[in-house]
Amino acid sequence: MTAGSKKQEKPKVAFFDFASCEGCQLTVVDSLQTHLDLLDAVEIVNFREAATLNGWDFDIAFVEGSITRPHDEERLRRIREQAKVLVALGACADTGCVNALKNLLPPEEVRRYVYGEHADWYETYGARPLSAVVKVDAVIPGCPIDREEFVEVVKALLVGKRPPIPDYPVCVECKLKGNVCIFHVGGICMGPVARAGCGAICPTYGDGCEGCRGIIPHPNENAMKEVLDEAGLSVDDMMHYFRMFNAYREVGVGQWE
Amino acid sequence: MRLWVLPKEQVVDMVCRLMADYRVWGPQAKGPQFAFEPLPDPTAIRLDYNISILSPKVALQPPQERIAVFHLDGGFTVEPVIDAEPTVIFGIHTCDLHALALLDKAFSADFPDAHYLERRQQTLLVSLECLQPCDEHSFCKSMGTWTADSGYDLHLMDLGDAYGVSVGTAAGEALLTQYAQARPATDTEAQQLHEARDAKRLRFPNRLNFDAAELPSLLATAYDHPIWAELGDRCLSCGACTNVCPTCYCFNVIDSPELSLKEAVRWRRWDSCQLDEFARVASGENFREARAARQRHRMFRKGKWLYERFGELGCVGCGRCIRACLTHINIVDTFNAIHASQHRR
Amino acid sequence: MTTLNVNVHYVTRVEGHGNIVVDIKHGEVKECRFEVVEAPRFFEAFVRGRPYHDINHIVSRICGICSVGHSTASTRATEKALNVELSEQAWLLRKLNFHGEILDSHVLHTYYLVAPDFFGVPSVIPLVETHREVVERALRLKKLAGDLCAMISGRHTHPCALVVGGFTHTPTERELRAMRERLVAARADMDATVDLFASLPWPQFERETEYVSLRKDDEYAFIDGVIVSSDGFTYPIEDYRKVTNEYLVPFSTAKWTKHNRESYMVGALARFNNNYDQLHPKAKEAAARFGMKPIVTNPFLNTAAQVVEMVHSLEDSIRIIDELLSRGVREEKPAPVKVQAGEGVGACEVPRGVLFHHYVYDEKGICVEANCIIPTNQNLANLNADIRALVPQILDRPQEEVRLLLEMLVRAYDPCISCSTHFLRVEFV
């Protein structure tokens, strides 16, 4: 850690997005409510959602959204070339999030369902996370990202450390909060295999975890399936839970190219 | 030891008075279960609780706390953060009381832990005798924690309309005289209390099939037992067992700078030997990579290693790890199975 | 000036990717349009085959700003399809949560996205130096709105506890009382907000327009009701297609909507025009400060109507909390669901206008058909009509001013392009 008097230049930061709901960038904006000093720590040079700034001279790029069209790749590569550090901001960029649900279905049928006879007018391909296209240096998981975790990642980048993203499951944070286990009240929860970092917010509010932050690196999937089986889930139901936010992990781009 | 009597309807009144001078932790309803938390108001206390989700250790070793602040602006100074205030933990079941006694030893050994000890110093313990086992998972009788003769400042026992109160310390006595309108017990009431304690003996089952004192020697022969592989196959590595355990005290330390980079905070938060990264070291090596090894480690801590360090078993028989485990890993069954197989041999 | 070329690639300070293209040569309009270039996401297709209890959590992800709105419209559609009745307490909490969203989104739009135009700065960030009190007030109000949502459903963006049948979490009376205190204290900030926005020089531009919104008998409608038009039409929600009348535009990938005229407008101004009588008295006072009384036909004042609605939502939130406290709050589970086949339409007035979700479920509660119609889509035709009407009126001004005014007009609609394209890709050629 560089301490003391040495004045450092503020890193230039840019925000970009692809297919997403922009809720993660909104969470970034909301982080100013409690961390207005973010603006002293970094210089924002590009943030279309919140500012009329379009600078291309940046050190750190936070990129929200999944890649869903061949021509998105070109823009992402330009961002990659410029950025010293590229951070996948949120589940769409990190894991493909719900965008990848379409990958489970036959492409022709999906496009026809939405666009009818003009399906071939629209450029689209299998939804994928950023890392399927370019090298990603760090991720901030979650749908949406956790506000405090975003600030912690910025701090880590400021001091040149690897951002502290947990590899342990949501159960850990849920227990630390002293919550009633969702399974003990008849619910279904992905907490034992889903990545923590959200403060177990869904179980804390009485709803089972859906795994929006992705699956931990070494899940015991067999044991988890037994837990779900005991909770009364059919194999189909289990697949719904495993795939809701993690379809790309399960099937990649599927039948889409 | 003097015995007192506190009418039940005066408990809320006592808690109310205590709340003026102390932070008071007590069991409260949380959905269909119970939690040990600071009481938001005196009527929230539920002394009829069976077991709390987390043990009252949360009052002395919070899941997450700031332990130091670094000042990095023009030099480097460290300022410890000791967050302690006068506290009463009200309604501790005796299994958890025994667990706190073990934590006292653990945090006093080697490098005395100022954060825990300062809080402990300012904390008074009011325990509560259970007259029924909390459910089919408790095995406090097997572990010898189903009652207590010491370790508390005050100890309550249900006598129907009132609590019989045993005084454990001078501080406890002061608490009783200043904050409650208790009266000395009559001889009949003292007799009643002893009878209630005798009567409960029959209601508590022994669930361990052998004397718990044999655990250290039993486990000494079980390091390579095939049961660990079985447990490893079932374990989710979710850490629920250790996080709900009243005697687990491992923590991780995390440093977080302020955005200005002029200050940093050192946090600590509960850690778990069941997690992948617990035994991963800087080189990337993980010396307990297999789930089986991690479960074995937990069981050995409870049945052998803590005993060797502190002269007490690391398990108080509260049964929380059994209730919390979604794949039904059961410490009693495990110990019994090892005992049975060693016996057969 | 008779030759004008404005090409704004990615209009900033709007949600999603949109372009403005104006090309006028020697007084002849070659091109004049707002393009949407957001990536399609196919929600309607991929919610099919999934169980009823997943749908609202998936479609919430259509939009990070109005996710409470999508969740509410979605749960209402499913609740109607499966005949689920909400408790009175759940209804009050749904409404309170919705006010939180209206406040949150309107603070975002008015302070963060629109105000910088009037201060002549590219974003709210430089105002931290020059108008710190304005920024701090915006942050306070936004935090209050977010905390109000979080108290009920866990968080503002993608609410956890808002589910079919009600909520999986109940705020405590203690939390409600604390929130009430904060809402009451926020009246000062709300007064200052009205003062600030009423003092701004709103661009003058009028165009006769049909306004479409929900309406209820007993309150300023945000959830449920009937569909009304300022041209005098009324429809049940189930007949939403009679209002939206989606149609294909030649050489365009978009379905536009029209009702009685070539286009119609939805959003805060439409609600204001149709339901002014039901606004809270303090909100009417705020409207008077802007000189607004129905029918207002200046689309730039959509932002002013949002300020008026912020006052209404703040006051009505306090009223709802009082009602909850006087009833007594009890911890409640979501109403039970009997899985069955069914069809339902849910409608809400989300910040940007009326939103429809329409699902069909099979007997196992699996979604087999889905349709959603988004306010921004409904507004696109009207926004383009406004652009075509405005450009000739301002042709003589410097190009930069034209560009700024057009951007301000786009922003006034508060378009939520992520929403609009999550179902349809929209391009204007």
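In order of appearance the chains are A, B and C, and numbering begins at 1 in each one.
The definition used in the following text is that a residue touches a chain if its C-beta (ideal position, glycine included) is under 8 Å from a C-beta of that chain, and two chains touch if they have at least 3 such contacts.
Every value quoted in this text rests on a predicted model; they were computed, and no experiment measured them.
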Touch-connected components when subunit A is not counted: B | C
Taking each chain's C-alpha mean as its centre, the one farthest from subunit C: B
Interface ranked first by C-beta contact pairs: A-C
Rounded Å distance between subunit A and subunit B, as computed from the means of their C-alpha atoms: 37
Distance between chain centroids, defined by C-alpha means - subunit B, subunit C (Å): 50
CA centroid of subunit A to CA centroid of subunit C, Å: 25
Subunit B, residues touching no fewer than two other chains: 31
Residues within subunit A bordering two or more other chains: none
Complex interface listing, subunit B residues touching subunit A: 30-33, 35-37, 53-54, 58, 63-64, 72-76, 233-240, 243-244, 254, 256-261, 264, 269-270, 272, 275-277, 291, 324, 326-327
Subunit C partner contacts - residues on subunit A that touch it in the complex: 18-27, 29-30, 32-34, 36, 39, 44, 47-54, 65, 68-69, 72, 97-99, 101-102, 104-105, 109-111, 113-115, 118, 121-122, 124, 127, 143-144, 201-202, 204-207, 210, 237, 240, 244
Interface residues, subunit C side, partner subunit A - complex: 10, 12-17, 38-51, 54, 57-58, 61-65, 67, 108, 112-113, 116, 122-125, 128, 135, 139-140, 142-143, 146, 153-158, 160-161, 163, 167-169, 248, 253, 418, 422-425
In the complex, subunit A residues that touch subunit B: 1-5, 35, 37-38, 40-41, 151-152, 154-155, 158-159, 164, 167-169, 171-172, 175-181, 183-185, 191-193, 216-220, 222-224, 226-227
